[in-house]
Amino acid sequence: MRFDEAYSGKVFIASRPDWEEADAILYGMPMDWTVSYRPGSRFGPARIREVSIGLEEYSPYLDRELDEVHFFDAGDIPLPFGNPQKSLDMIEEYVDSILEKGKFPLGMGGEHLVSWPVIKAMYKKYPDLAIIHMDAHTDLRVDYEGEPLSHSTPIRKAAELIGPGNVYSFGIRSGMKEEFEWAKENGMHISKFEVLEPLKAVLPKLAGRPVYVTIDIDVLDPAHAPGTGTVDAGGITSKELLASIHEIARSDVNVVGGDLVEVAPVYDHSEQTANTASKLIREMLLGWVK
Amino acid sequence: MRFDEAYSGKVFIASRPDWEEADAILYGMPMDWTVSYRPGSRFGPARIREVSIGLEEYSPYLDRELDEVHFFDAGDIPLPFGNPQKSLDMIEEYVDSILEKGKFPLGMGGEHLVSWPVIKAMYKKYPDLAIIHMDAHTDLRVDYEGEPLSHSTPIRKAAELIGPGNVYSFGIRSGMKEEFEWAKENGMHISKFEVLEPLKAVLPKLAGRPVYVTIDIDVLDPAHAPGTGTVDAGGITSKELLASIHEIARSDVNVVGGDLVEVAPVYDHSEQTANTASKLIREMLLGWVK
Amino acid sequence: MRFDEAYSGKVFIASRPDWEEADAILYGMPMDWTVSYRPGSRFGPARIREVSIGLEEYSPYLDRELDEVHFFDAGDIPLPFGNPQKSLDMIEEYVDSILEKGKFPLGMGGEHLVSWPVIKAMYKKYPDLAIIHMDAHTDLRVDYEGEPLSHSTPIRKAAELIGPGNVYSFGIRSGMKEEFEWAKENGMHISKFEVLEPLKAVLPKLAGRPVYVTIDIDVLDPAHAPGTGTVDAGGITSKELLASIHEIARSDVNVVGGDLVEVAPVYDHSEQTANTASKLIREMLLGWVK
Amino acid sequence: MRFDEAYSGKVFIASRPDWEEADAILYGMPMDWTVSYRPGSRFGPARIREVSIGLEEYSPYLDRELDEVHFFDAGDIPLPFGNPQKSLDMIEEYVDSILEKGKFPLGMGGEHLVSWPVIKAMYKKYPDLAIIHMDAHTDLRVDYEGEPLSHSTPIRKAAELIGPGNVYSFGIRSGMKEEFEWAKENGMHISKFEVLEPLKAVLPKLAGRPVYVTIDIDVLDPAHAPGTGTVDAGGITSKELLASIHEIARSDVNVVGGDLVEVAPVYDHSEQTANTASKLIREMLLGWVK
Amino acid sequence: MRFDEAYSGKVFIASRPDWEEADAILYGMPMDWTVSYRPGSRFGPARIREVSIGLEEYSPYLDRELDEVHFFDAGDIPLPFGNPQKSLDMIEEYVDSILEKGKFPLGMGGEHLVSWPVIKAMYKKYPDLAIIHMDAHTDLRVDYEGEPLSHSTPIRKAAELIGPGNVYSFGIRSGMKEEFEWAKENGMHISKFEVLEPLKAVLPKLAGRPVYVTIDIDVLDPAHAPGTGTVDAGGITSKELLASIHEIARSDVNVVGGDLVEVAPVYDHSEQTANTASKLIREMLLGWVK
Amino acid sequence: MRFDEAYSGKVFIASRPDWEEADAILYGMPMDWTVSYRPGSRFGPARIREVSIGLEEYSPYLDRELDEVHFFDAGDIPLPFGNPQKSLDMIEEYVDSILEKGKFPLGMGGEHLVSWPVIKAMYKKYPDLAIIHMDAHTDLRVDYEGEPLSHSTPIRKAAELIGPGNVYSFGIRSGMKEEFEWAKENGMHISKFEVLEPLKAVLPKLAGRPVYVTIDIDVLDPAHAPGTGTVDAGGITSKELLASIHEIARSDVNVVGGDLVEVAPVYDHSEQTANTASKLIREMLLGWVK
């Protein structure tokens, strides 16, 4: 006889016990081997699950409870330490298996490079895919000091795959001049500094389209998310990020998957970052999984 | 010969030396034994006092100095560890003794359950009492996994005692669906997410009435109060909370007591939460004790 | 499909999947509501499991691997916050159920009071039970400021139940004068300051007897276990504690159960205490479960 | 052969290798010996340099790159521990040497008292100097418990030197009543609580004048800068402070020098304060050095 | 009515309420302005008092209780920030007043320079004074980068005052070559690395003499005292330091005063250093005050 | 004019300014991308340099000063994030260049895998090379979950290259059963748990031979080195590790290079691990570079 699993931080609160019957799959991608600054996001998913026991299952924002969403927390994909290519292959293969069954994939990073194989999988299924990207950083580098597999490159790879015009970035406040110029020249949308107001303007344009939403926790100001690899002042509040998630939920876009990446617990003694991430995951589940 | 007491964190800065001649009594309720998540608020009052030495005695918000308020810091009530019922009885008895002498009680928690015996004492003296409650959480549970004495229940108990229509909650962003429904069905006021603006609308209705104000520090966003048991993203700023205290001070309500609870220092290495709490206590003293 | 459970900190490394076929049961007692100083040990068991992923399954001390021991990690008993009596009853009942099936109970605290109901259960099964107790503190109080259910009282209760002459305490370096005197007057064994050498002298006397071993992590010097409620300088090293566990394993006593209590992770940013505890649990399993 | 200096945190990112050919000099003033509360700002400059490796060299706010600014990071002035007067003399002498060569001095504290000798040096060169001061505290004391050389006095000294009417303080939310009164009586500008809006009103009045800008990091709310000696709730966001720096950059004032003081890394485990400071330094360089 | 003072960390546990009738005076010297590395020891005395509530009043080492010692905790001397000379003068004057009344002075630092004025006062009263000094560092510099008032100089000053042959240093593992040579040439005793064994050899030589004992907490290995300004590997254990205090207590020397310095709480999140210091203070009181 | 570099933590204290004329080269290998548990050792070398300013340049153990050793701190090799193979190639190439000039290489990790390319370079120059290895872990795996480039494999690779009989491991207390067996079967020396005593027995056998010494900081007990990726209880003290370095220095072996790896500063708020590492580096320089 085993006691209630949630208490021991085993799975995200209110996870269903069975993969097959779930509508959405929550999974961790515990990889941080290509980060150029502070590592540690490999422990993000586990800590987000652990602190989820402090959450209520009801959202007063969306007036919906987690038991109205059938999701299954699959745990962390056992990625091979220090091998980026193999890690990305395993992620893509796993997301393929989720999509094959018509389930909604919701990923937790890990560094932002993990979004790249997910987007590849999504694009195979949804050729008219659009991406909503919330982040402090452009992530539009071709490589990082020679390495094409880097946490600074996923959005560039995604933009080249699905077309820069289908990528919408929000909250960006850091990047190389060349990255901003490339975006501009190639018709990619970048809203600098702000998220909610420009998002309101963009959402109607995406009505009816399949949209993948990737959120780097560092779109938040360091005050709201100190536990991440590369903090950058001047970000948005958790209130604005919650409102942005809700804005998407209430729009006419067809959210077909999402992720939340770059939570690195060791830099945040208070655990506020992991707690905030667990609340964001709850709202993503309640708002985006119909 | 003993040196200046404030330096050693002995009492809150500018405390008078004598209980009898004080108009207000500041007291600690170092109890955290019923909390369902992270304990540690038993050390809140002591740390708030300790860091008060970093405060100025003058408020540029209210243009008033602490020596214009005659208050006495009584220290912490020596509550018995692990015995909730006896702890609550001791608190009620102590607040009775304060009210008997016509003094203003200002309490520091400790978990939020400590407000329940205080409210019982207040209600005996002020039968037309109203409560202003600022918190991230509804605290309206009947019990917590079977325990009626829990930090999740004090506002429910208070509402049942003085009538739900006399309780006004602000900033609420977490609770069970049933709690929100109970409040609605029973005519209790809940302002979700915001504090200052809805408070401005409510205060005129309470003009002239005796009001007890209970503030859970987690009404603040975790960015502003990481040092608390249950952090919850999407909260208000310390600027808004200060303004709310001042709004009450300038209104026509008759504040007859108050408390600030749930400061748990161990989760906040920077001590910003305790520092913020000590500033809030100063403003409560300067604004509410006439 | 769920990924490897151990990675997400779900269960202690190498736990078997089935309660029924296990020879030993590892279980958590997440209670800290009666502690008189720093709370937080409720999170001990969960963190010990989480960091167990950093362990090797092989012990070079005992030349034995975890898969030679059939144990099942049952998770944490869902104890009611703030209700000591009910918590103790639930623990006793659970240990009864383990003993009924002839399995070896290995508990993780939580505060030291949790050992009291375990010992009650053990004594029902083993009337000639002896207790080996390693701790910085006597834990021989009758009550703590009036409360008989306190983390300062479990060994007194145990001694009164099974007879003081059957209790052997080691490493004690803190207590009231009355406690030491009571032990002396009642024929209870107390080795002050040291563990390994006096243990070597005592073990032959206990040969063949059923012995329950309760270890308070604070028997270690604070250098070796900063993450506990009441640190006390002058303790033993983790090397000595490991050697003591091995000494018992190699002796002729019949270890019938054990526990490791008072790990409070929040006071130890480096997580060395939880890591050390997870290694101690491994050695207890490998050394004591035949 | 020595590897890239920036990686090891040796100098601020993009510093030129040569003092002589630089247009601006970045220098540290590692002094904290007169602070009345929490020391530690002596390590501010070193940590700001170290974390600058996480910065991009391009500012999307100002559309300018660091290699367009010729600056040299001179390291820390080797100030004598515990000797305030000699420390101040060394700072003044060093800034004299910078100004003599027509370079722009940008200082990093250290406690706020270090700004006093800098201002003395500036005033010798610019007799019509005005000061923009952003801070939580007035810093207008004559002395602190008898000590005229204190981190609570630099703005008073500056005001008396260059005339109170030439000093503009913003964001002030703490001080003694006497300090506010002195400012008022002597025609010194103090904007309480806010920075950006009142700054917009003041800048046109200073058009064409040489202005020194001194920023105490504690003008930020503790949520945005926990790593400082005296945190004080109710401050501005890093977004507002960045916008204020940019507002000055785009105005018609002639910024002739500046500093950023009171970063005390030890109180901020996440290093967000040092990271924010390094971004502020980048924006000050890009915005103010023409 | 004020509650028990000890709970709020007001005074050291078991302090008597009255200066006049006390045999020993415990006092804090919260000064850290001349330290060359990490400041913060100004908060040492206050934190030591605060955590003393976790102590038992009985010592199983000495079989004595604190109520057998009549001591008074006088709080912290209000030293002027940043003014070393005036601070030292105030300390000397205060210790003079203690000695005048025939009481035993027990000081808590603060940086080690605070021992210098105490020793001056002691020497005035006891012309045949000897000093026992336990420390990681020689503290024999003439000055530190030109400053004669430095935390690196107190033992040199003391040795020059009372004669190097009357100073006995133990546990020393760091210093300049010149310092070790000066000691050797001038007949001062230095035991490198070890404390207990060489102390046993020295004590008989000091039988009957008045001895002042100054302990720098960094004589402990960083494992046992991480919370200090200058940690240095290879030190002794807290067990050895306790035994050394007891060895002195049981010897025939006449201990006439003592101090414990350099506890800097901010570097030790677990608070083990302050806890250890509070236990050391208890043993010094119980062992040295007859 | 640039101020003293050491103060800003730019280079290790007492580093010479010139590569060419140095006898020893100190260099960093900031790589942590293959670690299986907690990353962060990439910041080890930078932090060790930074805290070296707290060191004395004189060793009372060896009676020698750093200016008697001509060494140059080359900074960190700019390794490509997330690319293990290329990183190892760069390290090997750099060490080749050091050896070519007849200089002594002293490396700072980074994860332990960085020792592998160094040993390859050493072996090319010294075909009769022996290795002294101090570590908590065997590091003898063939691969880690399929990855041959892992921090768990360097000693296996080294043993296969130079012959297992030429590798001497000390202090080992963790590994898979297969690793211990492989060592035994292949004639490799492993001293479990202890370092100093078995080292004394081994050194005479290596007299006259060229020896490379690789030290994983986790050979220390977690009490002495909490700031590392994989802490493991039951280790040696820093006193024993210092003595072991000195034992080698005084022996007849010909130390031709060395390294100290796995310092991960983020897990050690007190910075004791980095401070200890900087002292170990000083002793290695003073003891091993003739």
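Labels for the chains are A, B, C, D, E and F, by order of writing; each one numbers its residues from 1.
Keep this in mind: a residue touches a chain if its C-beta (ideal position, glycine included) is under 8 Å from a C-beta of that chain, and two chains touch if they have at least 3 such contacts.
Chain-to-protein mapping (UniProt): A, B, C, D, E, F = Agmatinase.
As the structure is a computational prediction, the values presented were derived from the model and not from experiment.
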If we look at subunit C (Agmatinase) and subunit E (Agmatinase), which chains touch each of them? B, F
Suppose you list every residue number at the subunit B (Agmatinase)-subunit C (Agmatinase) interface; are over half of them used by both chains (same) or under half (different)? same
Based on mean C-alpha positions, I'd like to know which chain lies farthest from subunit A (Agmatinase). E
Just to confirm, which listed pair, B-E, B-C or C-E, duplicates the contacts seen in D-F for more than half of them? B-E
Using mean C-alpha positions as chain centres, tell me how far subunit D (Agmatinase) is from subunit E (Agmatinase) in Å, no decimals. 39
Taking each chain's mean CA coordinate, subunit E (Agmatinase) and subunit F (Agmatinase) are separated, in whole Å, by 37
Suppose each chain is reduced to the average of its Cα coordinates; what separation in Å results between subunit C (Agmatinase) and subunit D (Agmatinase)? 55
Give me the residue numbers in subunit E (Agmatinase) that touch at least two other chains, ranges are fine. 38, 78, 221, 223-224, 267, 269
Using the touch rule from the top of the page, what pairs of chains touch, sorted by label? A-B, A-C, A-D, A-F, B-C, B-D, B-E, C-E, C-F, D-E, D-F, E-F
Interface with subunit C (Agmatinase), subunit E (Agmatinase) side, in the complex: residues 53-58, 60-61, 63, 65, 221, 223-224, 237-239, 242, 269-272, 275-276, 279-280
What residues on subunit E (Agmatinase) touch subunit F (Agmatinase), complex-wise? 37-38, 172-177, 180, 192-193, 221-224, 226-227, 230-235, 267-269
Please output the residues of subunit C (Agmatinase) touching subunit A (Agmatinase) within their complex, sorted ascending. 1-5, 7-11, 19, 27-28, 30, 45-46, 49-50, 72, 74-78, 97, 269
Contacting residues of subunit E (Agmatinase) [partner subunit D (Agmatinase), same complex]: 32-36, 38-40, 42-43, 78, 80-84, 144-147, 149-150, 266-267
